[in-house]
Amino acid sequence: MAWTWFHRLGSPPHVYALAARLTPWFAWPAAALILAGLYGGLVLAPPDYQQGDDFRIIYVHAPSAWMSLMVYVTMAVAAAVGLIWRMKVAHAAAASCAAIGASFTIAALATGSLWGRKMWGTYWEWDPRLVSELILLFLFLGYMALRSAIDDLQRADRASALLAVVGVVNVPIIHYSVLWWNSLHQAPSVMKLGKPDMPAAMLAPLLIMLVGFTFLFVYLLLVRLRGEILRRERTASWIREALAE
Amino acid sequence: MVRRSIQAERIELWRGERHVLAGIDLEVGAGEMLQVTGANGSGKTSLLRTLCGLMHLEDGRLLWGGRSVYEDLPAFHSQLVYLGHAPPLKADLTARENLHYWVGIRRSLGAADITAALERVGAAAWGEQPARTLSAGQKRRVALAGVILFAAPLWLLDEPATNLDGEGQRLVGTLIDEQLQCGGVVIVAVHQDLPVRSAEPRRLELSAA
Amino acid sequence: MSEFLYMGGYAAFVWPSYALTLVIVALNVIWARRSLDQARADARRRLLRGGATT
Amino acid sequence: MSTSALQAARLILARDLRLALRKRGQFVQPLAFFAIVTTLFPLSISPDLARLREIASGVLWVAALLASLLALEFLFRDDAHDGTLEQYALSGQSLTWLVFAKTTAHWLLTGVPLALMAPLAGMSLGVPYAALPGIIVPIALGTLVLSLIGAIGAALTLGVRRSGVLLTLLTLPLAVPVLIFGAQATDLAIRGASFAAPLYLLSAMAVLGVTLAPLAASAAVRISLE
């Protein structure tokens, strides 16, 4: 009995309808939160006493970086579920994630390098956070390249799912090895997030942006998920119903 | 002792947008043989590969001795031998070495076993030659020697008589006859009927999707 | 207003960061919708061709 | 009489080594590649041994990484092509064991020769004799981890046309920790310091790789056969 929800999540028509119903509940809050966060970050938050207005980049950099990691983990969890229970919906969800994750990883890298420009005097410094982010980008690109190299959708799903699972096991190892490497070479790091002494006026917009981006991700995932489910579905009556909406 | 019979119930298989196997039902018991026919691309190879458990069913059930093969795939695999359209031989190993490594992974073999099997298929003369130097028909005979050596109850053979001369085709028929007399189960994908005497040849015609 | 745009001398870094992030957000929204539309169009085509089971 | 898993693994190991002996060219290629790449650095930077010593560990590791990747493409390709891989999957033996045996054979044929050859390249880059163990041991261990990780990538790219670049793209990001710890160990050895710390970390990764990678690689092989 406790498993019925799990089986329902495995049923493509059910999830398709559910995703359609849930979409507005994430789209509008995401838009509202991001607008509020932008206003708070750009206008209400006081300039940092050390970094001045430069620190405002945190309000776009941190949510992008958060998003990139959240997307990768979500993708890997969905992939694992798809592999273990051979659940098509889970594969569809994993497939929906990659492009979202890769684009926000690029955003995190670019904003990070713009943020570091003043501190480092150069756009690229081998900052451990940025290096980890760069490797995460490579992991996303590898996942997407593998998917597009395999013609058969089921095989692409399963092969890329395995890659995502292997990748997520490696992400912490990569991250800590980069930190270790950095501790040996002493590159300066300006990006210390979540300082406990951050005043509320600075912290609040950051939290609002983080929540807003999380809602944005769920919204994007729900929209893409519907498309990916349709691609995997073959029952005509069902497709006709879904298209009639 | 498991009852030797393979059963497929309404098995479904898709390849991308192609519905390769649409609700196939079959049951082949001990001493029975099923010939799978159909045009190129009708899914004969896919059916055999599905019956071995290589390709996962999307729907339906696959049973060996009344139990789902997916419960214990290694146990099921140790009951079968599958021969695809290419003989799984390494060009740089001799025929004997090929059999030693191929079959040896499952059963321990002595040199005498290999000699006997090679003699049985009329391949004793080229046992020491690298597979590279063998003709397609000769390789096929070596592969048949492997099939015998596995001594498995279930045979799944994909076009076993390809590249064989008339005598070779009769040999395939005789080997299958012997397997059926020992209570084996044989499923073959074929273009033309094999010369098999001992069993009523049952046929499954696949139509291109 | 101009002081706001000036960003305490960091305008060249702050504004591109925000612009780039918002562009990526917007592109993601567009891509997601387009991917759904394409999947629907494909599904429609498949129905017409009979590439689906009943 | 059925073969035990250990016997089956030993058979595969013996088979792959024998095949490699018959077809030497394939396994000389990565070694030649390694030799050429390490020669290119002095030519592109400077013949000054003091300068080369500074970058020697990086040069050796990047060259070893690429050479071992180059050989990975062969790991399953021939077996997949002639149906041997299918027979392994249907052998009734644990495919994980068989894949582990194949990976070990691959490491013995590429990683170990690379580790033995690296000191020569190291000396040409001005590495002192005392530091040579700091090249051999980490490279032997590091290439083992690379073979294990690479086996996953090689299995995932089976059946993909022109898989070489894709295999590199999949494997290199995962190889970053090996590169970091390995190059650090060699660098410490060249500076005359103890390289135990990075070597321990490398060993930890080898243990993790031996236990987990064959599972993933055998799952990938099965997916490629579907």
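By letter and in written order, the chains are A, B, C and D; residue numbering begins at 1 in each of them.
Heads up, the rule we're going with is that a contact is a pair of C-beta atoms (placed from the backbone, for glycine too) under 8 Å apart; a residue touches a chain by one contact, two chains touch by 3 or more.
Worth saying up front: this structure is predicted, and the values here are computed from it rather than measured.
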- Note on the structure: Taking each chain's centre as the mean of its CA atoms, the one lying farthest from the centre of chain A is chain B
- When the mean CA coordinate of each chain is compared with the mean CA coordinate of the whole protein, which chain is closest? D
- Pick the pair with more C-beta contacts: A-C or B-D? A-C
- Please compute the C-alpha centroid of chain B, do the same for chain C, then give the distance between them in whole Å. 52
- Query: Cα centroid separation between chain A and chain C, in whole Å?
  - Reply: 14
- Note on the structure: Distance between the CA centroids of chain C and chain D (whole Å) is 41
- Determine the centre-to-centre distance between chain B and chain D, using the mean Cα coordinates as centres, and give it in whole Å. 36
- By residue number and range, which residues of chain B touch two or more other chains? 17, 19, 56
- Query: Can you list the chain D residues in contact with two or more other chains?
  - Reply: 226
- When you check chain A against every other chain, which residues touch at least two of them? 154, 234
- Can you check the complex and tell me which residues of chain B touch chain D? 49, 52-56, 74-75, 77-82, 84, 86-93, 97, 101-102, 104-108
- Item | Touch list for chain A against partner chain B, complex | 86, 151-154, 234
- Note on the structure: Note: in the complex, chain B contacts chain A through residues 14-17, 19, 56
- Partner chain B, residues of chain D touching it in the complex: 1-3, 7-8, 11-12, 14-15, 18-19, 22-23, 78, 82-84, 86-94, 98, 222, 225-226
- Note on the structure: The residues of chain C that touch chain A in their complex are 4, 7-10, 13-14, 16-18, 20-22, 24-25, 27-29, 31-33, 35-40, 42-44, 46-47, 51-54
